[in-house]
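Two complexes come next, and they have one chain in common, chain A, joined by chain B in the first and chain C in the second.
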Partner chain A sequence: MDRVIWLIILPLLTAFSLGLLKLYFKRYFNYIIIISSTVHIILAFVVANQAIKEPIVYNLGNWSPLLGITLVIDSFSALFLLAIVTLAYLVTIYAIKFIKRDKLKYHTLSLLLLTGAIGIVITGDLFNLYVFFEIVSISSYALAAINKDKESFEGAFKYLILGSISGILILLAIILIYQSTGTLNLAQAAVKFKEVPRNLKVTILTFYLIGFASKFALVPLHSYLADVYSKASVTFTALSSGIVLKTSLYALIRIVYILFGVEFIIDSGLQDILIYWGTLTFIAAHLLAYQQNSLRRLLGYSSIAHMGYIIMAFALANKGGIIAGSYHLTNHIVMKGALFLATGIFIYNLKDDQISKLKGIGKTLPYSSLIFTIAALAIIGLPPFNGFVSKWLIIKQVLEANYSIPAFLILIGSLLSLIYYLRVIKELYSKANDDKSLVKEPLILKLPALTLGLFCLLLSLLPSFAPKLLETLPEFLIKQNNYINLLLRR
Partner chain B sequence: MNPGIIYLLGAGVLFFTKDKLRQSIAIALSIIAIIAIYTLPVSQGLTIPFLDFNLILLKVDKISKLIGLAFAFFGLCSTIYASKLADRKYYTLSQLYIGSSIAILFVGDFFSFYICWELMTISSYFLIFNNEQPITKQTSYYYFIMQMVGAVSLLWGILLQYTQTGSLELTSIEYGLPFFLLAVGIKLAFIGLHTWLPQNYSNVPFHISVLLSAYTTKVGVYALYRLLSGTKLLGYAGIITAILGVLFALKQTKVRKLLSYHIISQIGYMITAISVGTALGASGGIVHLINNVLYKGLLFMVIGVIIYRTGKEDLIELGGLAKKLPLLTFYAIVAALSIAGVPFFSGHISKLVIKKAVHDQILSWGLYLAGIGTSLSFLKVIYFAFFRELDEEVELNERSDKAMLFSMGLITSILLLIGLKPHLLTDLLALDIKLHYFSLKYIWKGVEPIIIAIIIFKVAHDLIAPHHHQARNMDIYPLLARGINYLSKALSYIHNGDLGRYLLWVISTLLILWIKLLSA
Partner chain C sequence: MRRIYILALILILASLLFFTFYDLLHPTEFETDKTQISDYYIEHGVKETGAINLVTAILFDYRAFDTLGEATVIFIAVSAISLLATKERVLVSNTNFSPIVYQGISFIIPFLYILAFYLIFYGHLSPGGGFTGGVVIATTFVLLKMTFGIRYSREEKSLQRRSLIESCGAIGFIIVGILGIVRGDSFLANGQAGFDLGVAGQLLSAGIIPILNLFTGIKVGSGLAIIFHRLVREE
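== the complex of A and B ==
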C-alpha cells in the first residue's frame, strides 16, 4: 500500500534533487527526468487499476484517520489521476526538446505542479487540500512568468493577484469549517456538517465556489486566463488547462458532493445557478474565442468554455451527470493537450502563433497540422471523435433534467466553436505565399502530440472498453455516506 | 457488414499506396462494393450495444439497396473519371465521402445516422477546400458552417425524439419536426437554404464537382424519405423549389452553376413526390433520385471534359463543339433528353410515376411548369455549347480523355437501358401498379413540355441567349454572421486588461452569489 504515497513523493523528490543532480550529472539530465516520469506513470497506472477494483485508503504513518493525513483513491480520483499523469508524462517528454531556456527551473516547477495536482486528487483532508492547491498555484504563477518578457509578467501578475484572492477565500472557508465542526478530515467534517446552520453553510459554499471557480475560470472570473496564456510556453498552457483547471474543479466537486451532499445542491438552488452559470460561461467564452488572433488565447478561451460544459454536467448531481462530466473532462484534457502540443510545434518553427501567419503550414508540417485538425474536430464535438460522445451524454443528461434551453445552447456553442476552429484549419491548409522549406517537426515533439491525437479517436470507444470505470465513478460521490464510511473505516 | 465500411477501410489503404496500384485498388474496391450491395439480403443485421442503447449498423430494405447500388455505381464511374487528375487527397477523401453516404443508407439508428451524416460533411469540406481554387477557402467555410447548422438541428431533433420516445430506431419522427425539417432542408438544398450549393459546386475542380453532385443532396432526399415522408405541406415547398431552381438556372451562363441550380430544381420534384406519402409517390421520388444521380452526374462529367479540353465553361465563350467532340455530344444529348423527360429516356419514367402519384392540381401544374423550364435550360446548354456556330472557333488541347469518356459511356448505357426497359428498375422496387410507359398518351405528355420549350426558345431567343447578368447578392446569412461578430466584439471590448475591473467582477460575483444563495 505504500505505493500510494510514492505518487506524491516521487515527483517532489525529483523536483528538489534536479538542481543537485544537474551539478554532477549534467549530461544525464534529460534521462533522469524521463526515468523518473516513466516510473511515476507506471506507478500511477498500477495504483489506479487497483483503486478502480477496490478503493484505496492510506493513512500516513499509520496514524488514525482522525489525527493524521489520509489519502483516498476511489474510481473518480483514479480517473483524474490517470488523465493528469498521462498528460504530464507526454508534456514532460515534449518539454525536453521544447524548453530551451531555464530548463532546470521549468522542470522543477512542472514537477512541483504535478505533485500538487496529485495531492489535490488523492487527499482526504481539507487543509491538506489547501496546501496542495497552493503548491499548484504558486508553481503555475512561476511557470507563467518563466519566459521573462513583458506580456508574461503582466499575465502572471494578474494571475497572482486573482489567484491569491481565490486562495484567501478558500482559506476562509476552511477556517469557518474548522470553527464550526472542529475537524478538517473531509469525512468527519461531513458528518458534523449536518448540524451547521444554513446561513453558515451557504457562506462556506460561496467562498469555496468563488475560490475554486476563479481558478477554473468561470465567466466572469476568467479574466486573467487569456492574458496568462498569450505568451506563456505551450507546455505550461497544456498543463494549466489540463491539470490546474481540472484539479480545481475536482476539489470543488469533491467538497460540494461530500461536505454538502447531493440534497443540498438541489435544495439550495445551486443546481440552477451552476447550470445557468455554465451556460453563460461557454457562450461568452466561445464568442470571445472568435475574436482572438493569437492561437494560444483562442485555445485558452475554448478551455474556459469547456469548463462551462463540465460544470453543467456535474451540477446535475445524478449518476448520469457525473459520468458525462468526468468523461468530457477526460476528453477535454486529451483534446486540448493535443491542440496545445500541435500549436507548440507551430510556434517552435514560426516563433509566433498569430493565426494569420499559419498559412500553408499544412503542407510543411503535415503531422502537427493533422493532429491539430483532428483534435479541433473532436473538440467541436463532431463524430466519430471522442468529444462528440461525451457532448452527446452531457446534452442528453441536461435535457433529461428538464433544462432544455441550456441543452440547446450547448449545441449552439458547438456551432460557434466550429466557426472559430475552422478559421484556424482554413489557414493551415491554404496556400502559402512564401517558401517555408526550413521548417521541421522533430520526432520528440511529434510523438507526444500524435499520441494525444490518437487518443482523440480511441477515447470515443471508452464506454465500450471501460464500462466498469465509468460505472463506478459516481459511487463515492453521489452517496456521501459511502465516502464517509470508506474514510472512517466504518 | 455495412457496405460503407469497404470504402471507409479502403480510404486508409489508398492513403498509403501510390500511382497505378492506388488506381486499381480504388476501382477494385468500388466493384467489390457494388457486388456486396447487390448480394445483401433484405433484413436487419448487425447490432452493437453502445452506451445505453443499441447501434443498428446494418438494416437493409429495397429502397436503401437500390439507392446504394446507384451510389456505388456512380462511385465507380467517378473514380474512373477522375483517374487522370486524382491525387492522394482526392482518393482518401472521396472514399470517405462515398463510404459515409453509402453507410448512411444502411444504418438503422439515429446515432449512427448522425455519425455518417457528419462524416459526409467533414470529408466533403476537405474535398471542396482546394488550393487550386483560392475562392474555395471562403466558400467551403460557408459550406461547413451551413451544414453544421443543419447537423446541430438534426442532433437536437434526434435528442428530442430520443428523450421523448426512449428509442433511437430510425423511423418516421414524432417529435422535433421543425429541427428535422431544417436539417434535411439544408442538406437537400431547399430553396432559401440552398445558398451553399451553387457557389461550391461551380468553383471546385471539375472532377470534384462530379463527385459532389451525386451524394450530398441525394442523402438529404433519402433522409426526407426515411424521416419525414408524408408531410403534406412539403409538397408545395417542393414545387416552389423546383420552379425557382429552374428559373435561377435559366439565368446562368456558367454551365456548372446552371447545373447546380438544376440539382436544386430536381430535388424539388423528389420532395413533392415523397411528400405525397403513398408508396407510389415514394417510389417515384426514389426512381427520380437514381435517375438524377446518373444523368446529373453525366452532365457534370460532360462539362468536366469541356473544361478539361478547352479550359472554358462559360456558355458565352463556348460553341460548335459538336463537330470536334462527337462522342461527348452524344453523351450530352442523352443526358439532356433524359433530364428533360423525353419518352424512351430515363427521366420520362420517373417523371411519369411522380405525375401519377401527385393528385393535387396545383402540384401537377407546378411540375408541368418546372418541366418546361428544365427542357428550356437544356436546350440552351446543348445548343449554345455544341451546335452554335462561333466566328472564332474554340480551341482544343490534346489532353487524353479516354478514361473519362469510358466512364461516361458506362453511365450512358445504363441510362439508355433504364429508358428503354423501365421494368428492370421498377421491378426492383416491386411497384405494383402497371404503367404503360410508352402508350401514346404518355408519350404525348412527355413530349408536350419540350415542344412548348422549343417554341419559347425560338420566340425568346435573344432573352435566353447567354449574356452577362448583373450579379445580385441576395444572401442574408452573412448578416447573421455579422450579428454574432458584433456581439463578440462588444464582449472583447470590455476585456481591456485592467486589473481593477477584473477584481470588481470577482467581488460582484461573490456578492451576487452570496445574496442569491442566502435568499434561496
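== the complex of A and C ==
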C-alpha cells in the first residue's frame, strides 16, 4: 500500500540529496543515479501491475479524501506511469554520458521533473495537480536553457512567458471550481459540479483548455515549442515531448472526463471543437515540419502533429477512442524518444543537427541511423510498426463517429510526414563526399536508443499480449461515477 | 498596425472575462454546503492537529503534501537560478555608508534572527510559520551583503554551504514525512501516526507541525539567500 507514495518520495529524496552525496561520494555519482532510477522503475512496474488488477487509493496523512489529499491510480494512470518512468529511465542512462556540463544540476532537475510528472498522473486533488504542474513547468524551463547559449535562452524565455500565462489560467479555473463547489477533491467536485450553472462551466472549461493546450502545443499556441527544441539538449527534448506534453494532456483529459463528464463533452460541442482543432493542429504542424532544416525542430513539429491526433481520439468520448488515444500516446512516447536519442548520437558526433549535414552518416553510424529509420517509419505509420496499428485504430474510430473529412485528412497528414521523414532517411543513406573517420557510438548512448527502437516493433503486439490493460483503460474515465465511488469510497 | 490588432484582441478578451466574472460575483452569499469543509476545519482543526493557528494546521497537516510541493518549487527555482546565473566574478561593493548604517545594521541583525525563529517556532500558535520565518532569515543575509559588500573569494564557498543547508532542510521535511510510514501510518501523518499532539496552545504541541516548520524555514531561508547572491550585481 505504501509503495504508491515511494513513487514520489524516491526521486524527490534522490534529487534533494544529490548535492550532499556528490560532496562525499563523488566517484560513485553515476552509480547512485543508476541505482535510484533502477529501484524506481521496478517500483513503478510493481505498482502499475497492482493498479491494473485493482485501482489503488492512498490517503496522505490518513485524512479522509475530503479533508486531505488523495492519490489514485487506475489503469489509465498506470499506463501513463509505466510509459513515463520507462522513458525517463532510458533517458537518464543516456544522459550520464551525454550531459557533460552541469551534471549535478541536470540530474537534480530531471529527477524533479519526473517527480512532478508522476504527481500529475496519480493525484486525485485539483490543487495538488496544480502544484505538480508547476514543478514540471519550472524544472522544464531550467532544463530548456541548460546549454546556456543565446538561442536556448531565447527559447526558454518564450517558454517561461507562455507557461506562466497558462499556469495563471489553470489556477483561475481551480479558484472558480473551489468557489462554486467548495472542494478541491476531484471526485467531490465532480459530484457538486452538476449543479454549477452552464456558463460558469464553459468559462472553467475554456480556462483549462487554453491553459493546458498551450502547454501541449495545439496549433495557434504552439509557437514556443520549436524555438525551445531548436537548441536544447536532446535529453530534454525527449523528456519534454515524452513527459511534459503528455502529462499536460493527461491532466486535461482527466479533468474533462471526470469533472465535466462524457455527456457534457458531446452536448457542449467540445467534441467538434477538439476534433477540428486537432485536425488543424496536425495539418499545420506537418506543413511546418516539412520546411525545417534542423532535425530537432522537425521532430518538435512532428510532436505537435501527434498531439493533434491524440486529442482527436480522446475527443470522441467513447471506449474505442480512449483506447486508440492512449495506445497512440504510448507509442508516440516510445517513437519520439527513439528519434530524439538517435538524433542525440548524430549531434554527439557532428555537433550539429542540420539535415543537409547528415549525408552519408548511415555508413559511419550504422546503429543510430537504423534506430532513426525504424522509429521514423513507425511514426509515419507504416506496418509492421506500432505507429501503424494505433494510427489505424484512430482513423477507424474517427470514421465510426462520422467525421469522414478529419479521418481522410489523417491519411494526408501521414503522407506529408512520409515526405519529410524520407528526406532525412535519404540523406542518412546517400553517399558521403568526405570520409568521416572520427565517429563513434558509445554503448551507453546506443543501448537506450536501441531499447526504444525495439519497443517500436514490440508495442505493435500490445493489443494481443495485454488486452486486459487496454480493456480496463476507459473504465474509470468514461463513467465518472466509477471514479467518484472509487475515490470517495462509496 | 500590429499593436492596434493586439490591443483590440486584448480588449475583446478582457471584456469577455469581465462579463463572465460580473455574473459570477453577484450572489456572494455562500451557501452552507459550499463551506462544509472550511466549517469542518474550523470546528475540528484544533482538536485534530493540535495547532491553534488553523492556517498552519491546513498547510502542514491536512495538506502538508502540497506544502512539500511548494517547497520543491522553491528548490527548483534556486537550482535554476544558480544554474543559469553563474557569474565569473562579483564586483566588490565600494559604496561607503555612514557609520550609523553600519552600526544600525549590526545592531538589528540579532533581533531579526530572534524574530525569524519566533515566527518559525510559534508557527502553530500565532501567525507566521516556516515560509515567513525563512524569508526573515534571508533578509538578514541581504542586509549584511548590502551594507558590508560582497567579496567574491569567500562567496562560492558560502554559497555551496548554503545550498547544502537547503538540501538538508528539504531532506528533513521528507524524513519527517517518512516517519509517519515507519510508525505504521501514511506519509506525512501527524496525529494518526501516534505523534503526541500535546495540549493545544503550548509551545511543544501539534506533533510534527513545528518540526516541519523548522525544516521549511531552513530551506526557504537559505534558498532565498542563494537567489539573492546569484542575482545581485553592482554597477
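The definition used in the following text is that the second predicted complex is superposed on the first by the 490 of 490 C-alpha atoms of A that agree within 3 Å, B and C clash if a C-alpha of one lies under 4 Å from a C-alpha of the other, contacts with A are read in each partner's own complex, and residues count from 1 in each chain.
The definition used in the following text is that contacts are C-beta pairs under 8 Å (C-beta built on N, C-alpha and C of every residue); 3 or more make two chains touch, one makes a residue touch a chain.
A quick note: this is a predicted structure, and the numbers were derived from the prediction, not measured.
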Side-by-side fit of chain B and chain C on chain A, or clash: fit
Touched partner set for A:469, first chain B, second chain C, both or neither: neither
Which superposed partner A:210 touches (first chain B, second chain C, both, neither): first
Touching partner for A:199 - first (chain B), second (chain C), both, neither: both
Chain C, chain A and chain B - angle at the middle CA centre, rounded to the nearest 10 degrees: 170
First, second, both or neither for A:129, with chain B first and chain C second: neither
First (chain B), second (chain C), both or neither touched by A:244: neither
Touching partner for A:144 - first (chain B), second (chain C), both, neither: neither
Partner chain in contact with A:158 - chain B first, chain C second, else both or neither: first
Contacts of A:411 with chain B and chain C, given as first, second, both or neither: first
Minimum C-alpha spacing, chains overlaid - chain B and chain C, in Å: 5
Chain B and chain C contact sites that coincide on chain A, given as residue numbers: 199, 203
Complex interface listing, chain B residues touching chain A: 50-51, 111, 114-115, 118-119, 122, 126, 129, 131, 134, 137, 140-141, 144-145, 148-149, 152-153, 155-156, 159-160, 162-163, 484-485, 487-489, 491-492, 495, 497, 499, 501-503, 505-506, 509-510, 513-514, 516-518, 520
Complex contact set, residues of chain A against chain C: 2, 5, 9, 12-13, 16-17, 19-20, 23, 58-63, 66-69, 102, 105, 108-109, 112, 115, 119, 127-128, 131-132, 134-135, 138-139, 141-142, 145-146, 148, 153, 176, 179-183, 192, 199-200, 203
Residues of chain A touching chain B in the complex: 154, 157-158, 161-162, 165, 169, 199, 202-203, 205-206, 209-210, 214, 220-221, 223-224, 226-227, 268-270, 273, 284, 287-288, 290-291, 377, 382-384, 388-389, 392-393, 395-396, 399-400, 407-408, 411-412, 414-416, 418-419, 422-423, 426, 429-431, 463-464
Sites on chain C touched by chain A in the complex: 20, 23-24, 33-38, 40-41, 61-66, 68-70, 72-73, 75-77, 79-80, 82-84, 163-164, 167-168, 170-171, 174, 177-178, 180-181, 185-190, 192-193
